[in-house]
Amino acid sequence: MLALFITMIAGALLVYSAEEFPRWGDPQQPASIHVSQRYIEKTVEETGVPNAVTSVLADYRGYDTMFETSVIFSAGVAVMMLLRGMRHGKNPR
Amino acid sequence: MVRILDDIILDDSIIRTCSRIMLPFIQIYSLYVFVHGHSSPGGGFQGGCIMAASFILLAVAFSIREAKRRFKEKYIVIFCSLGVFIYAGTGAVAVFFSGNFLDYSTWTHILPTTPVMARYYGMAMIELGVQITVMAVIISIFMDLVTKGDHGEAPDGEDD
Amino acid sequence: MTTVHFPALIVVTPLIASFIVFAVGWFDRRYCFPLVIGALTACLIFAAGLAAAVLDNGNPLHYHLGSWPPPWGIEYVVDHLNVLILLAIAVIALLSAIYSRSMAAREFPQAKLPQLYTLYLLQVTGLFGITITGDVFNLYVLLEIASFSAYAMIAMGERGAAFAAFRYMIFGTIGACSYMLGVGYLYILTGSLNMADLNQLLPALYQSKALLAGFSLLLVGIAIKMALFPVHTWLPDSYTLAPSSVSVLLAPLSTKVGAYVLIRILLSVFNAPFYTSLYPAAPVLGWIAAAGVLFAAFLAIAQSDLKRMLCYLIVCEIGYIVIGVSSSNRLGLTGALLHLVNDMFMMACLFAVTGIIYAHARTRNIYELRNLHRTLPLTMAVFVTGALAVIGVPPLCGFFSKWYLVLGAIQAQQWFFVFVILMSSLLNTVLFFRIIEQVYFPPRESIPAEHAHHDTPFRLDPVPMGELIPAACLACFLILLGFFSNMLITRFISRAIPGTF
Amino acid sequence: MIEYLVTKHSYWFYIILIMMGFYGMMVKNNLMKKLIGMNIFQWSIILFFISIGAKKGATIPIIETHGVLNQAVRAADYINPLPHVLMLTAIVVGVATTGIALALLIIIYQNYGTLEEDEIIEALKK
């Protein structure tokens, strides 16, 4: 019961604070004005790639994607380390 | 508990023939998605996932041993680190040519193109690296989770 | 090569080294360890180069990834604040790598060493990246890299480590997701992800409720990563059951980097009046931290397991740092930053000694450590140095940071915080002298006969050199930090705190 | 209130999902159900980010070049690509978290024979 109560309180607080967000799909909301206009207008001119998502993904914020690939690489290494050799009794206790 | 590796051989030929027909097309579609990342929704991650899905279909339809025969443990490890190495290497080459890290326009020293097209090809290299890594990692996680890790193919065996 | 590329290289070298170690390790395990040491020494050189560069040209270094200007591309900012922490991480990562060589060989099966070293390097990459990045979302991705390698390395520990790692994962994911939600709230209100850019755009929005919700979500996320008092329950189980070669790297660094993220968010993204006068966030944080300090100090005394006691001590130290931050004046912040760096070395030293004791005496129970100083003289000497540093005895580094914390609390008229800091120092004293008394002054009859006459020749500890030397180096660092703390403050910390304080 | 509910439906919708995931994580005793709750928690944040990028009357962010770029590109015609990039990262992080969590669950099941949290805590106490 306590957990349900906590969740309700947190949900109410979030809904109360979400009132100030811009309306859904509003073309003048700050997120659509401030940074992303350059991505859309200049992507073909600066990177030659018509797909704006790929150009932002690999070029403007390519560093994020490098660490993203490293995240999935670390997950692969972690699963390999945890589960290899499970049968021969050397599994972690 | 059923030994996963030498599991019961499914003899329903319907699933096998269907998957045998579908597999090449799935893999070609995965390459299509990867290559058309620049001009249509797609790219390294989606292509890698579809390629991994084709191997998982192989493992489900036939058997783990069959899938393992086609994509050995050794290649999983090499492809895992190769893909991310390509990504970081492309960035490091930019530093080598005294541009900032991950600045592909410095690739004009190698590729005889304009800085803009150098970025285009730089991104293609990035997508290639991502495709290889995502494919190898998802296959590796799937194989480990399913067989609980007794591939038995570590070079020096597990018994030391 | 000039130091212009060092900000990127310090993060990328351990990343590339981890790929090479993973691939090479599959074929021939002998090359793993030299590669790890090579990568970490390169990072140490890069960190030293960055420190020199920041010191002589005074203002922070900006590095644009992919040569895109900041609000569009990702930017690295190296200023006086994170250069100090980069150096500390580089030194501790190198020493704990050397320390963990023979210990990991005992704790892990041979076939899993390359994977362990890969995750070790990824963890170091995450820590470096979190410290140096100037982009809010990039910080989330690096937080995840550091956490994933921590989950996997902890799960390889003793009985029950997998369950502790799973609980740590649930907590860590809630923390990381609430941090990302906070970033989403900031992004939807301002449209930018760069810290400096956010700092310009946010003041216009200080009245809005949504920004307050975003700020509190960020704080909750960072508090979980930092193991602040009410959400610290994941820390004692996971770091106690982790293998000792791993806990030497994780315990001192990952919570302190979380504390650094809190300071970075409070200093570089939000301005002081927002969280002091407009909304009383700083005093509330201070009260939570004060309660945490007392709670953790009492719980640390209640433990009989040496390592679990140190884990509660980490929660206590994090409480000190947050008290220093919450007093939000120049003295308090100096104390918090100095304590952050000092505590990294103190905890690294103590966890290294705990690992050696556990490896040698096969026990961590405090009451079974009798007469350990006869068999492990140097190790116990290092333990006493670390203990005195944590308590805050003048020549060692702990004293100076607590001194500034108390001054900051006095200046901020927070008398309860002053009481809490002094009271918990007293509790720490009780904590450590209880152990020192067990070891050095056991009851008369328990002294073994052959040690009765005191002419036994001094024999060095029967511990491999690879473990003893790093522990001794860490103890020397504690003393060095104590002597040079004034230089650290004048050259680094005083310029790291913005003028508004 | 009605105006708020109608125009900003994406926000209270993601809040409902987040609270479902959060409740599931806190209350469920079985570790696998806790993991499912964690996944709901992560994916609702992805929904929130994607709803930021939407623009009324705009198409997917692939700029029609059809050969030569004849007129200037108007940003209002294309939706905001940045949240989609950020969420690709969040999806990959979600996949990696689930992968490692499943590996941990296999180890826990291997060692304790159960996934119920209280039974594991009893087994640990012994």
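Think of it as A, B, C and D in the order they're written, each chain with its own count starting at 1.
Heads up, the rule we're going with is that contacts are C-beta pairs under 8 Å (C-beta built on N, C-alpha and C of every residue); 3 or more make two chains touch, one makes a residue touch a chain.
Note that the coordinates shown come from a computational prediction; the quantities given were computed from them, not determined experimentally.
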Review point. Higher C-beta contact count, A-B or C-D?
Key: A-B
Point to revise | Rounded Å distance between subunit A and subunit B, as computed from the means of their C-alpha atoms | key: 22
Practice item. Find the geometric centre of each of subunit C and subunit D from their Cα atoms only, then give the gap between the two centres in Å, rounded to an integer. Key: 30
Check your understanding: What is the distance in Å between the mean C-alpha positions of subunit B and subunit D?
Key -> 24
Practice item. Mind pulling the residue numbers of subunit A that touch at least two other chains? Key: 14, 18-19, 21, 29, 31-32, 35-36, 39, 45, 50-51, 53, 57, 59, 61-66, 68, 70-80, 82-86, 90, 92-93
Check your understanding: Where does subunit D touch two or more other chains at once, residue-wise?
Key -> 18, 22, 52, 62, 82-83, 86, 88-89, 92-93, 96-97, 99-100, 103-104, 106-107, 110-111
**Study point:** Multi-partner residues of subunit C (each touching 2 or more other chains)
**Key:** 15, 19, 22, 65-66, 109, 111, 137, 141, 144, 148, 151-152, 155, 159-160, 162, 187-188, 193
Practice item. Chain touch graph shape: choose line, ring, star, complete or other and state it. Key: complete
Revision key, fill the gap. The answer for subunit D against subunit B in the complex is residues 60, 62, 88, 92, 99, 102-103, 106, 110
**Study point:** Touching residues (chain side subunit A, partner subunit D) in the complex
**Key:** 3-4, 6-8, 10-11, 14-15, 18-19, 21, 23-27, 29, 31-32, 35-37, 39-41, 43-45, 50-53, 56-57, 61, 64-65, 68, 71-72, 74-76, 78-79, 82-83, 86, 91-93
**Study point:** Residues of subunit C that touch subunit D when the two form their complex
**Key:** 137, 141, 144, 148, 151-152, 155, 159-160, 162-163, 165-166, 169-170, 173-174, 176-177, 180-181, 184, 187-188, 193
Review point. Residues of subunit C touching subunit A in their complex?
Key: 15, 18-19, 22, 65-66, 68, 71-74, 109, 111-112, 115-116, 118-119, 122, 125, 129, 137-138, 141-142, 144-145, 148-149, 151-152, 155-162, 187-193, 201, 208-210, 212-213
Review point. Residues of subunit A touching subunit C in their complex?
Key: 13-14, 16-22, 29-36, 38-39, 59-64, 66-68, 70-71, 73-75, 77-82, 84-85, 90, 92-93
